[in-house]
Structures are given as C-alpha cells and as structure tokens.
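Here it is, the structure, as structure tokens.
Chains here go by letter, A, B and C, matching the order in which they are written, and residues are numbered from 1 within each.
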Amino acid sequence: MSLQEDVERLHARYAHAIDDGRLEDWPGFFTEEGRYRITTAENEARGLPLPVIYAEGRAMLNDRIASLRHANIYEPQRYRHLVSSVLVERESDDWIRSTANFLVVRIMENGETLLFASGRYVDRITLPGLKYAERVVICDSQRFDTLLAIPL
Amino acid sequence: MSLQEDVERLHARYAHAIDDGRLEDWPGFFTEEGRYRITTAENEARGLPLPVIYAEGRAMLNDRIASLRHANIYEPQRYRHLVSSVLVERESDDWIRSTANFLVVRIMENGETLLFASGRYVDRITLPGLKYAERVVICDSQRFDTLLAIPL
Amino acid sequence: MSLQEDVERLHARYAHAIDDGRLEDWPGFFTEEGRYRITTAENEARGLPLPVIYAEGRAMLNDRIASLRHANIYEPQRYRHLVSSVLVERESDDWIRSTANFLVVRIMENGETLLFASGRYVDRITLPGLKYAERVVICDSQRFDTLLAIPL
C-alpha cells in the first residue's frame, strides 16, 4: 500500500467509526496527546482562536464521548461522511500532513436527511502508527454550531 | 494497480454505468449467482430480513432492468453517485470484503435536484474477475422507498 | 505513486485551489492551449455545441478570473467540491483520459449552504506534466447557469 492509500484508509476508518455509531472508538484514532478542533473558515481566516469544539489528549476526547452518551440530551441522529480530494504530504520520517474535503449528511430518527456540514480536514498524522496528532475540522458555515453533538 | 485501486475502480465503473443510464450493463457487475439487496439501517440493526429490493442471480437482475425499461411508469430521472471512504479487506485468495459510503443525488427532467439517498455499500467481491457476489445497499433513511426506481 | 494516484491528486489540487479561493492558480492547471467548458448533460446528449461557459487557452482562462475579481458583481460565495469515482485510462504515452463524478456545495457569506451542482468531469490530461488539455464539466441540471460565477 502506498502512503496515499494508508492515509485515505485512516480517514475512511474514522468516518465509518462515527457513521456506525462506534463513538467509543473515536479517541483511538488520535495520539495520546492528540488535539481535535472544530472551527469555521471565517474564524480561521481572521486568525480567531475560537474553536467551536476543542479537545486535547485522549482523556478529554474520551470525556466528550462519555458526556454525549450519558447526558444524552441530543435527539437521536446519525451522520454519513463523504470524504474526497485527499492531499497527502510527507513532512519527515515521522510526520504527514493531509488536507481533505468532507461533506456530512445528518439523518434524524424519523428519516429526515439534511446536508449538515461541509468543509475540510487539516491533519497532522504520526508515522509509524498512523494516528492523528492534530485534526482540525474547518467548516464552511457557522450555521450548524448549536446543533453539533457528534464529532465531525 | 493495488487491490484498493481495483476495488475502487469496480465501484467507480458501477456508479458511472448507472449515472450514464447504461442500466443494461448493471447485471454484468455481478457474478452469475450474484445477490443485490437494498435495505435500511433500521432493518439491518433489528435483523429484519426485509429488504426494500431484492434480486438474486443475473436473470433476476436482468428482469428488474427490463421491467424498468418497459413498464416505464416512473418519471424520467437520473442519479449521480458519490462514493468514498472505501475499506477493502482480503478474506482469502478468492474473496474481498468492501465497505464504502455513498450519497446519491437525483436529478429530474426539469432539472430539480435532490439529495436522494445516503448510506453504505457492503460488498463481497470475487477474485479474480472482480464481480459482486453480493452487494448490500444499506440506506440511512427509509424515506425514499416508494420513489425507488433505478438501482442504487 | 500510481497513475491513478497522480490523476486523483491533480483533481484534488484543482478542487482545493477553487475551494480555498485561490482562483489565480486555476489557469495553471491547464496546458498553454487548454480548453475549459461547462455544459449540461442535456446539451451533450443532443450534440448541441452550446456550452454554458467556454474558455480556450491560458489567456482566456486568466481573463475569466480577472473579470471575476474586478467586475465583482457576484455575491460573496465559496464552493466545496466532492470528487469521486475517478476512472483513468491511458490513451498513449502522452495522453490520459479521465472521468469523475463531482458534487459542488455553495456556501454564501451568511452561511447558507446549497447543493449547487452535480455532474461529471471528462478530462484529457497531458503526460508528463499532468495538465488539463481539456476539462469538460457536464452538469446534471441546467438550473444553476444564471448563478454561475466561480469555475466548477
């Protein structure tokens, strides 16, 4: 397998874990100190350090899932990820940078389907092991943020 | 070409055949006894053996297309498939398993465009030859089913 | 990297250039005499030589971007491209043909998000160098055409 295939496979496994509702698997895609951040294109362009969601390290990532599961205040819903246009760049023996486009469809329990979010993933990935040291989710629109429950 | 590329190419040829309206080519993507099934995530989760559409073997697949063409009771429409996050697993010398996400946009003759269906393909593929021995289309929503004419 | 990966990378770089708003990079994806054409499936099927947009050669491609930037009559907006089902065929030592499905989401400044266009890219690509000698964008619907500002 090529490096391109390795990275696309990582992104694919991540997408399927979330879309299948296996949220407990989500922290495992990150390194021990891995950072996850959802922000908007507008905030990024303005240099505003204002992420919609921020988590750093496995413990915080695990917490986020635990509170999702137990607080359980959100309406039952599922995502479907489409990921494409994956650019992969090897920075060094230990690091890869990747940028990819995504589109997430949200499906409510009654079957209602919505184009929920679009944007790009900007990732820093460790080698070997292929884990996210950083995954920044830059959404095109700020419209979704009050609705955001499951990680993108 | 890698096995990953082989499988993605199979999925791509399948998508283009349908999107180009070459429906007569559709059965040829399956083995002689190939099975095709459209179901919903809800039915799969409950273990209900209740597919929305079921066809087994080339004769039945051909019949489905013939009746589509001749009964012709559905409003003219076209699909556009987006397929991503393709996971490929080699089971043995003869078999591959693949899971992929899809999104289908439907375009009516008047140009009206709709996010029509999303879900995942769960496939069993033969080697050599790269045909679907089984293609299960698990849709996220049950909303579309009365509208379903062309295979997904 | 395989030829498949090379072509997918070209399509990915093209998509990110547009989606990031780096429109001045757009002509550089084409050969010196490269042709770009947006048309509809209906026009293609009827053999109507009636593209919605046509540009031939870098000068004309540059002009198009310059007028977009300076006339600036369109409402601020961004695209997000999803590209999949990329078929690659080597015609000769110098030429590749590629067909791919796309879906473009348009995001307005107020965050409003719309499934804007779907269709396929039919490309002729030069080797070596990997530039578009021809990129034909065949849209599924004719509905968008009065709204079209940024290249697809």
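The rule is short, and it goes like this: a contact is a pair of C-beta atoms (placed from the backbone, for glycine too) under 8 Å apart; a residue touches a chain by one contact, two chains touch by 3 or more.
In this text, all values refer to a predicted model and were calculated from it rather than measured experimentally.
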Chain copies touching (subunit B, subunit C) - same or different residues, decided at half shared: different
Superposing rotation of subunit A relative to subunit C, computed on C-alpha atoms, to nearest 5°: 120
Rounded Å distance, subunit B centre to subunit C centre (Cα mean): 27
Multi-chain contact residues (two or more partners), subunit C: 2, 82, 84, 103, 115
Residue ranges of subunit B in contact with subunit A within the complex: 2, 4, 41, 82, 84-87, 99, 101, 103, 115, 118-120, 140-143
Interfacial residue positions of subunit A with respect to subunit B in the complex: 1-2, 5, 9, 11-13, 15-16, 19, 78, 80-84, 103, 105, 107, 111-113, 115
